[in-house]
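Heads up, there are several structures right after this.
In what comes next, chain A is part of two complexes: it sits with chain B in the first one and with chain C in the second one.
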Partner chain A sequence: MFYLSKIEHTLRLPPHLLNLPINQAIKGELEGLFLDKVIADLGLCISIYDIHSIDGGFITPGDGASTYTVMFRMIMFRPFVGEVIAAKLKESDREGLKLSLGFFDDIHVPEHLLPMPKQFEPESGNSNQGRWIWEFNGDNYPIDAVDEIRFRVHHVTYPSLPVEQEKASKPFAPMIVIGSLDADGLGPISWWV
Partner chain B sequence: MKIVKANDGVLTNFEVLNFLRSRGAGKDLTRVIAPIAPSEFKVYDYLEQTAACSQTRESIISFVGKSKQYKLAEAEILNLINIRPSSVVEIDPIVEECDKRMGEGVEELVEMVLQVLPTPPSQMQSDDQVEFNKDDVREGQEVEAS
Partner chain C sequence: MHHNIYLRSSDFLFRFTSIYFCPEFLKAKCLMNCEVALILERKYEQLQQMSDDPVNQVSQVFEKSLQYVQRFSRYKNPDAVRQVREILSRYELAEFELCVLGNLCPETVEEGIAMVPSIKSRGRVHDDEAIEKMLTDLSLIKKFE
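And then the complex of A and B:
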């Protein structure tokens, strides 16, 4: 789930931070810049792990801030294909399930990757929302938001930034994990324990 | 920004949790004093609920050593450490072609997992609750008898 990535970045340190020890100031700047943001093909940045080297410190003419070239390692969240992860149910509608990990919300399980044979039971009043039910050996197993759901990662996509966005549409998701529940041992833990 | 090395090493859930704990995540109840960002606290909350919260470095090292005899891929060993399956059916999505490769060895693998990796608190809680109910029943009967 978590990888280390080594990154080199040229950083501008604003003058009001010059009284802090340099490691602390640079770490604070890097955290503000990278934390909780997605880098394409690398994943979601979780934490700065360590700083390898800090070079530079030159002040370019006309500017009060000093520029540093920093080499550091970061913990990235990047699930690999085939990984089994436990998550909580966030939404359940006709197109499939949406799961959430607390720090990462864009996990989709489309309806063709749910265990067969399955049935969709719409909620009263709202025909799009509802819950999915798996039929196995004559018993009905519903997917409820009671306990954790284990899914296997099918693939991860990084859609590119849209040029324009309408106001009413959902906020843009830079990293989407597609999961599947289609194997023994996957789905709500209460089905198997 | 330049990516020098995209994959500099895999981390288990336990290692990330340990890293956050070493910076003071678990000790600060107000969550304002510790030098940890709110997004990192969300990761900490998630990891505390998985099997990683009760693991130790020694248990993971000994698990990796003992799993060499089963010839598992690195991704499968990582999955096993992060999920800590407690039954054969939970191993099935983790190890591909489980029946062909291991056959009877699956049960040994489950035994080894249960022995080497510590029990996560959610599983311990359900055991405690069962014992608690039994005590209640016994006390109730004694009261009635007297």
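And then the complex of A and C:
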């Protein structure tokens, strides 16, 4: 779900930007700071919506930059538990599915949240990757990358930044959505139309 | 030496908000995909007018979000989008219920309840007839796009 969140931020405007009109310079700094970043419990920042006020402009001793307190609104992407969202299939393996929205990728549907009874059909030559198939009333309904897939948000976590990461570990995901396909109306659209 | 620079933020404030000011969104805390599409499209047009090189200015998250909301909105016309919010606001819905219904556009009462089970929970005013009327009103907007 997209929300408008009002945020207050104290911003340091580096001196090389002082020749630009103030609103443009501040907007540029805010965009560099916030866009495509996750704020814990607020979600993923998509875009600045408007700037409500810019206060300050003081230069503290010893600093070349001026400091502003900015109140502004941003469009945030923040899924809530129970929300039904349409996504595309990114990966499918024994552990479940990975779905993507294009601008946000960390959506997992673990295998225990897939509709039952289900079966895993491994790809030839690679026993970990494969397709999941739902068996209903004697028919087989596979989960393919063709349709849009509707899932229900099961829960959302915001893991804290790791202090150190080993070289081979997966890139850090600041917001993880766990989804479920286990209800009426969920799964590939072609199952229900 | 201590330098103070006082800015008249009111000048800049007016110029800036006039670009993005949309009164209909002031009351909205949640935004439907179609509303976000209008906002981002308007912003993209602004960028194109203001700069010679709009493609570079646009970040990846902006482009991908725009793609997503354009792909998953049922209503493209700004009047239609306004109507959707207006119609759904007539029923006693929470902000998020309104937005999920506007995003998914269920065609039947069963689908609507499956997508947003909270509209039918105990103590709510909505019976099946009211829900059906609401969904019918929604589907009528699509036809006149």
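The rule is short, and it goes like this: the second predicted complex is superposed on the first by the 193 of 193 C-alpha atoms of A that agree within 3 Å, B and C clash if a C-alpha of one lies under 4 Å from a C-alpha of the other, contacts with A are read in each partner's own complex, and residues count from 1 in each chain.
In this section, a residue touches a chain if its C-beta (ideal position, glycine included) is under 8 Å from a C-beta of that chain, and two chains touch if they have at least 3 such contacts.
The shown structure was predicted, so the numbers you read here are calculated from the model rather than taken from an experiment.
By the touch criterion defined above, A:E8 reaches chain B but does not reach chain C. By the touch criterion stated above, A:G185 is placed in contact with chain B and with chain C alike. Of the two partner chains, chain C is the only one that A:I59 touches; chain B does not reach it. In the overlay built on the shared chain, the residue A:L30 is in contact with neither chain B nor chain C. Using the contact criterion defined above for the overlaid structures, shared-chain residue A:E83 touches chain B and also reaches chain C. Legend: residue contacts after superposition of the two complexes on their common chain; A:I46 is shown touching both chain B and chain C. In the superposition on chain A, contact is made by A:L101 with both chain B and chain C.
In the superposition on chain A, A:I149 makes contact with neither chain B nor chain C. Chain A residues 1-4, 31, 35-36, 46-47, 49, 75, 77, 80, 82-84, 86, 101-103, 150, 183-185 lie at the interface with chain B in one structure and with chain C in the other. Within the complex, the chain A residues that touch chain C are 1-4, 21-23, 27, 31, 35-36, 44-47, 49-59, 61, 66, 75, 77, 80, 82-84, 86, 101-103, 148, 150, 183-185. Residues 1-10, 31, 35-36, 39, 41-42, 46-47, 49, 71, 73, 75, 77, 80, 82-86, 101-103, 150, 152, 183-186, 192-193 of chain A touch chain B in their complex. Only residues 1-13, 15-16, 19-20, 37, 39-40, 42-43, 45-46, 50, 75, 78-79, 82-83, 85-87, 89-94, 96 of chain B touch chain A when the two sit together in their complex. By the touch rule above, chain C contacts chain A in their complex via residues 1-7, 9, 12-13, 15-17, 19-21, 25, 28-33, 35-36, 39-40, 43, 59-62, 64-65, 67-69, 72, 96, 99-100, 104, 110-111, 114-118.
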